[in-house]
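So, here's a batch of structures to check.
You will see two complexes here that share subunit A, one where it goes with subunit B and one where it goes with subunit C.
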Partner chain A sequence: MTEPAVAVPVASMNSHAPAAPSSSRRFTILGLLLLVLFLASLYVPGFTVKSRYWLPLFSKYMALALFALSVDLIWGYTGLLSLGQGLYFGLGAYAVGYSLKLQQAAHAAGKPLLAGPDMAMPDFMDYCRLPGVPAWIAPLINIWLALGLAVLLPLVVATIFGLVTFRLRIKGVFFALITQALVLAVYTLVVNQQPYTGGVVGMTYLAKLELFGHKFVMADMYFLVTTVLVICFVGCAILVHTKFGKILTAIRDNENRVLALGYNTAMYKTFIFAISGALAGLAGALFVSAYGTTGPDSLGIAWSIEVVVWVAAGGRGTLVGAILGAVLVGLANTYFNDKYSEAWPVILGSLFIGVVLFLPEGILGGLRSLGKRLLRILPQAAPALEKPAPTPRKEVNSTPPRSSSTSDETHPEPPQPHEVKAIISDLKGT
Partner chain B sequence: MNVLALSGRARSRALKTAFYVVLAALFLWLTGGWLVDRLRLMTGTEWAEVLSNSLSLSSILILTALGLAITFGVMRVINMAHGDMMMLGAYTAFLCTDRQAIPILVRNLGQLLHRDWQTDFGLGLSLYFAIPAAFFVTAFVGFLLEKCLIRFLYKRPLDSLLATWGVGLIIQQVVKLGFGANLQPMHLPEALQGGWTMTNTTITIPVYRLFIFGVTLFCLLLVYLWFYRTSFGLKIRAVVQNRPMASAMGISTRRVDSLTFAFATGLAGIAGCILAHLYNVKYTMGNDYIVDAFMVVILGGMGQLAGAVGGGAIIGTGNSVIEKLLGNTSMAKVVVLVGVVIFILNRPSGLFASKERTYD
Partner chain C sequence: MGFQSKIVPEEILRVEDVTVKFGGFKALDCLNFRMERGELRVVIGPNGAGKTTLLDVITGKLRPNDGRVIFQAHDQAPREINFLSEEHIARLGVGRKFQTPNVFKSSTVLDNLTLAARSPRGVWSTLAGVFSRNGHHRVHDILQTIGLTAKAYRLAGVLAHGEKQWLELGMLMAQDPELLLVDEPVAGMTPKESERTGELLLSMARKHTLLVIDHDMTFVRQIARTVTVLHEGKTLCQGTVQEVQRDPKVIQVYLGQDRQDHAVHQAATSGLR
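Now for the complex of A and B:
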C-alpha cells in the first residue's frame, strides 16, 4: 500500500531552471519582484479595510494562511499527508486561549495578572464547580509563557511522534490515518473534560492580546499576524531552497532513492514535521488572539482535512499557493456562510472533488499551465520566455515525471540499458 | 535469559517487550488494585451488559470494516464517505419503516423550492424489508460513486481520501436538507423487542443485539461465499493479484472494480440500517464510525478479510469493557484509539499480516 504519496507534477515557485543564464536571471528577478509585491499586498487590508466586521476576519485568514503554510511544508514539499495538523494547531490555540481566558477573568474580578491560589476563576471552570484553577493551567496566565508553550509544545509532541513513526517507515495512507485517529482521540478527550477545557463550547469572551503593555486590536492585530506570517514565509522559502529543502523534495518524489544515497530520511522527515508542528501551533496562537474564541473544532478531524484542501486549492508545493488558497477559501467561506449557509458544505465538498480531479496543482499550477499554453500560442509575443520544449523522458520504474525542474534538465542521451529494461517491463505492464 | 547475549533484532524485541511489561505493571500499580477490584466486583448483570454491548458494537464495526477492508485493503482506495454510506443506509431504513419519513422529505423539498408540498403517503414496511433495501440503495450510490469519481483515483489513495471526504460533505448536506437536522427515532418490529434470558440465570440480553449478531454472521458468510466460491469472486481475486494479466485473460476489470465497490458500500448500508434501529438516525452518524472502521482495518491487517473480523471484535469488545470500567463512553474511545495507535506503531502490518515483502 505504500504508494509514493502524491504523484502529481508539482512546480515550485521561482524554481524555473531555463537553459540560458540571462533568461534565468530575468526569471529570478521577476519572480522575486512578484514575491515582494505579493507579500506587500498582504498588508493592504490593514490600511484599507476599516470595517469592524471584516478586519478581524482578515486577521483570521492570515493566521489560517500560516496554518496552511505548515501543512504545505510537510505535504507539498515532503509528501507526508498529515490529517492531524489540527492537533498542533489546537495545542497552540488552547495554550493562548487559557492565558487570555485567565486574564479576562482576572480583569473582571479586578485582580492582578498573577498565578496564585486566589486567582480569578474562568467562567467555564466555575460552572463545573472546580475548587480552584488547576495548577497546570494557572501559570499560563503569563502570556509569554503561553506563547512559548504554544510553539514549544507542538514542537516536542511532533518530534516524539515523528521519531516513532518515521523510524518505523510508516508513511502514505497509514500515516494519514494514524494522525487522524490521534487527533480524534484528543478531540474526544477535550470535549469530554469539560471542567478543564470548556467542553464543546470551548473558551469564549477572551481578553485582548497584550504584549509590552500594548493592546493588539483591529489593525494592530492584523499587522502583528501578517508580520509573523511574512517572517515565517521568508523562513520557509529559505528553508525549501536550501540543500535541505531539495532533499525534502527528493523524499517526496522517491524516498527509496534518497535512502539508497545514504540519507537518513527519517531524521529529515522528523525535523520538518517538528517545524511544521511549531508553525501550526503558532498559527493556532495567532488565530485565538485574533478571533477571540477557541473551541474543540480547532482540533477536529474536519478542520485538519480542510486545511489540506486549502493548500491543494492554492497549489501544493508552492508556499505562495498555500497562503493564496487559505485566504481565498476563507473569503469564500465567509461570503457563502452569509448568503447561502446551507450551500457552503456542498461548495466545499465540490472544491475537494474538483481540486483532486481537475486542478491537482491548484490555482497556481493552473495559472502556470495556462500561461505556458498562451506562450505556445503566441511565440512571437515573448521570444525571451520561449524555450525549446524538452522531449518527455520515459521515467524509470514508471514513476510519473514530477517537478518541472527535473524535466527541464533532461539530457538528450540515448537511454541507459537499465532504462531500456524498465521501459520494456513498463510496456509489459500495460 | 541474558538480554545482552542476544542478537540485534531479538534483543530489541526483548527490550521492547520488557518495556511494555514494565509500563503495564506501573499502570496497575498506579491504579492501586482499583481495576482488579472493579473487575472482581462486577455482577452478572453488568457482565451481560458488557457482553451485549460488545456483541452489537463489534458486529457493527465488523460490517462497516468489511466494506472498508474490500475497498481499502483490496482495491487500495480510501473511501472517507463510507461512514456517510452507513448514514444513507440508515435513512433508507427510515424511509422504508417510518410512515412519517416521506411526508418530512416532501415538505423539506417543497420548502427548498419555496412551494407548499404536503403528502400523507408513507411506507410502513418492516425491518426485514429495510435491510435489503438499504443494501441495494447504498450499493447503487456506491456504483455511481465508483463510475463518476473513484475510477479516476486508483493508485492515488491520498487523493481518493480527499475527494471522498468532499463527497461525504455533500451527501451529509443533501440529507440534512432533505430530512432536517433532527434526530429521528426508529421503531423495532415486535419480535425483536424485549430480552432473551439465559436459562437458570438472571442474565438477559436484548433480542435485537442477538439479531445484529446474526445478521453480521450471515453477511460474513455471504462475503466468504462470494469471494471464495463464485466465479465473480475468483475474478476479483485475479484482478487484485495481477490486474494486467487478468485483463489479458478477458476479465473486464472495470466491471469487477465497480461491482466490488458497490458491494462494499452496500455492506456499509446494512451496517447503517442496523445501527439506526439501535440508536437514532442523524445525518452526522457516519462520522462517529469512520475513523474506528479504518482503525479496525489497519489493526486487522491490510488485504485480509479475516483481519476485519478480528480487528472489529477486538476494538468492539475493548471499547465495551473499558466503557464499563470507566463508566464513560468518550474516555473509553480515547483509550481504545490511543491503544490501537500504539499497537499499530509497534506492528504496522497488523494482526493478520499478509506474508509479503514489497519494495515500496
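Now for the complex of A and C:
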C-alpha cells in the first residue's frame, strides 16, 4: 500500500526494471536446450537397446529415477531428509502388485478380470489357506483403481504424517528418524501378514501391465515409464520455479526467516511432502509393472537410504541430478551385483562417503563447477569485453538513499570497497 | 497525515507485565513497555538485559511465562497476540530483522525481495504465482533504494555483509509491516555504511512504527528520538538520548559499581561512547 518513502535519485528513474544480464539470459536458453536434449536422450535406450536383459533394467532405472525425483523435492529443495520414502514407494508398489497378481491368477484360471466371490486366488493366499480373496484386496484387480490408489494412498498418508510432524515443529534428525521408524513398522507388519501380503517373498510372477487393451512389454514398457518420468520431471521443474518453489528453498536455507515473513511453513512442507509421496507411489507402481515382482524389500530401511544416496551422488537440489544419480548408481549396482554381489553395500557406503567428502554437490555440481572453471580459464578476456565498462554501472546507483537533491550528474567519488569488489567480480564474468 | 496521530496518540503495541524465565533466570521480569503508532524507539541495554528476548516475545517466537502482549493493527481492535503463532503475528503486521543477516542465500536478491513482498501467504496462491514473480513494481523501487539494482540477479549468499543487512532491510520494506522490529542493524558495518543505514531507517519511520535495538551510541544518537534502557529484564528509564546518558542509574548499570576509576573510564568510553 505504501511506496518506499525514500526519494529515488533522478538518474536511475528511467531505468526501472533491473534488466537480467544478457549473458544470463543466453545461459537460460542454453540450459533449456540442454534440458530438452537430456530429456530426449532418456528415450534413446528404448530404440537402441534390444537385449531382453537390459531393456527391462532400463525401464527399472527410469522408475527409480522418478523415485529419486520425489526424494530430491523434499530433501534437495526443501531440506527435509526423509529416510522412509520407501513407505510411499512400497504403497504404490503393493497396490499395483496386488492388481497384477490377481490378474495373473485370473488369467491362469481362465476367469474374467472382475472382482467377485468366485474370483481366482493368488498362489500365496492359497498356500496360507485363506477362504477367499479378502474384500479389501479384491477390487484392486481393476488396474485403474490400483493405479489411482498407488498415487492417492501415499498422498493421503504423507499428508497426515506431514501435518502431524510439521505442526509439531519436528525437523532435522528427529524427522529423519521418525520417517525411518514408520517405514520399519510397516515393513514388519507386511512381513508378518503373509496370507495377505506374501510375507518376505512378496508377490512374484505378476501379469504384464495391460492398459487400454494394450500389453506393455519391453520397449513399450520403457517408453511408458520414461514418458511418465518426463511428464513428472516437467511438472517438478515448473513447481520449483513457482513462488511456491522459491519458498521451499527459502525454508531449506532459513526456516525462521520464512516464518517471520508470515508464511505458514508447516503447510508448505506438508504440501511438498504429500506431492513427493504421490510421486514415490507412482514410481513404485511403475517399478512393479516393469520389474514383474514386488516384495517387502521396497519397504526396507536400506532401500530408503539407498535412494538418498542416489540423489546425493547425482546432485541434490537439481532435478537432473536426481535422475542422473539414480541411473548411474543403478547401472553400477547391476554391474557390481553381477561380479561381486557381496561387496555392493560396501561400495554404496563408500560412494556416499566419497560424494559427501569430495563432491558435496554431486556429479552434476562437480560437472558444473568444472565447466565454470573452464569458462574462466579459456576466454579470460572475452566476457570482460562484452560487459559494459564499469562507469555506466554507477548510474544504477549502488548506494542507498541520498536526498533527492542529489542531481543526476553523479559526481565522481571514490568507489566504496564493496563497489570495487562488485566491479571486480563483474569483470570476472560471474 | 501525521496530524491525527499527533493529537490522539494511538497505541500500537503494549507489553504488559511480561515475564520470561529460562530455568531460574528471568530474562524479562514483569516488563511493561508500550509504543505509539509512528514512533521510532531505540532500546538499549547491557548484554543479557532482555532486548532480544523482548523481540522474541513480540514476534511469538517465545511464549511469555506470564503477562500479555497486545498489538493493534491499523483500523482494527487491539488484540492479544502472545498466544498466536509466529507466522500469524507476522501476517498481522509485525516484521522483524534478525541480529545476524538472515537472507535466503541460495535465492537471488530479487527473489528474496519478492518472497518478502506483501502478497497472500497461502500455499495455493503461491502455486499460482508461476509467471508473475517479476511483476512487483515496488520490488524494483526497493532494489534502487537499497542500492542493489545492479545485483538483482546475484545470489544473496555472495553479497558483502553490509549489503546483506541492506537486503534484509529491503525485505522489511517489501513486507511493509506496521510494526518493524530491528535487531542491531549496523553490527559489523563501517561508520559510513552505518550512517546510511540510519538514513534508511529514518526514512522508513515516516510510515511505519520502528523498534530498533542497538549498542552503537553514535548510531543511536543519529536516529533516536526516544530511548528505552532495559536492565535485567526491566525498564530502567526512558527519555531522549541526552536524558538517558545523564541518568545516574544508567551510568551505574553500564559502568558497574565497585570498579577502579581507570576501569570506569574505560567502560565509559567503550560502552557509552
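Things to note:
Here is the rule we use: the second predicted complex is superposed on the first by the 359 of 430 C-alpha atoms of A that agree within 3 Å, B and C clash if a C-alpha of one lies under 4 Å from a C-alpha of the other, contacts with A are read in each partner's own complex, and residues count from 1 in each chain.
Note that contacts are C-beta pairs under 8 Å (C-beta built on N, C-alpha and C of every residue); 3 or more make two chains touch, one makes a residue touch a chain.
The structure displayed is predicted, hence computed values, not measured ones.
Of the two partner chains placed by superposition, A:Leu163 touches none, neither subunit B nor subunit C. Applying the stated contact rule after C-alpha superposition, one finds that A:Ile247 touches subunit C and leaves subunit B untouched. By the document's definition of touching, both partners, subunit B and subunit C, reach A:Asn256. Legend: residue contacts after superposition of the two complexes on their common chain; A:Ile238 is shown touching subunit C, with no touch to subunit B. In the superposition on chain A, A:Leu113 makes contact with neither subunit B nor subunit C. In the superposition on chain A, contact is made by A:Thr265 with subunit C only, not with subunit B. Applying the stated touch rule to the two superposed structures, the overlap between the subunit B and subunit C interfaces on subunit A comprises residues 1-3, 5-6, 256. Touching subunit B in their complex are the following residues of subunit A: 1-3, 5-7, 81, 164-165, 168, 170, 172-174, 176-178, 180-182, 184-185, 188-189, 191-192, 256, 301, 305, 308-309, 312, 342, 345-346, 348-353, 355-357, 360, 428-430.
Residues 59, 61, 85-88, 90-91, 95-96, 98, 102-107, 110-111, 114-116, 118, 121-123, 126-130, 133-134, 137-138, 140-153, 158, 160, 162-163, 166, 171, 173, 175-176, 190, 192, 196-197, 199-200, 203-204, 206-207 of subunit C touch subunit A in their complex.
Interface residues of subunit B facing subunit A in the complex, by the touch rule stated above, are 76, 78, 149, 152-153, 155-163, 165-170, 172-174, 176-177, 244, 287, 291, 294-295, 298, 302, 328, 330-331, 333-334, 337-338, 340-341, 344-345, 348, 358-360. Only residues 1-6, 8-9, 12, 16-18, 20-21, 24, 238-239, 241-244, 246-247, 249-250, 252-254, 256-265, 267-268, 271, 393, 396-401, 416-418, 421-422, 425 of subunit A touch subunit C when the two sit together in their complex.
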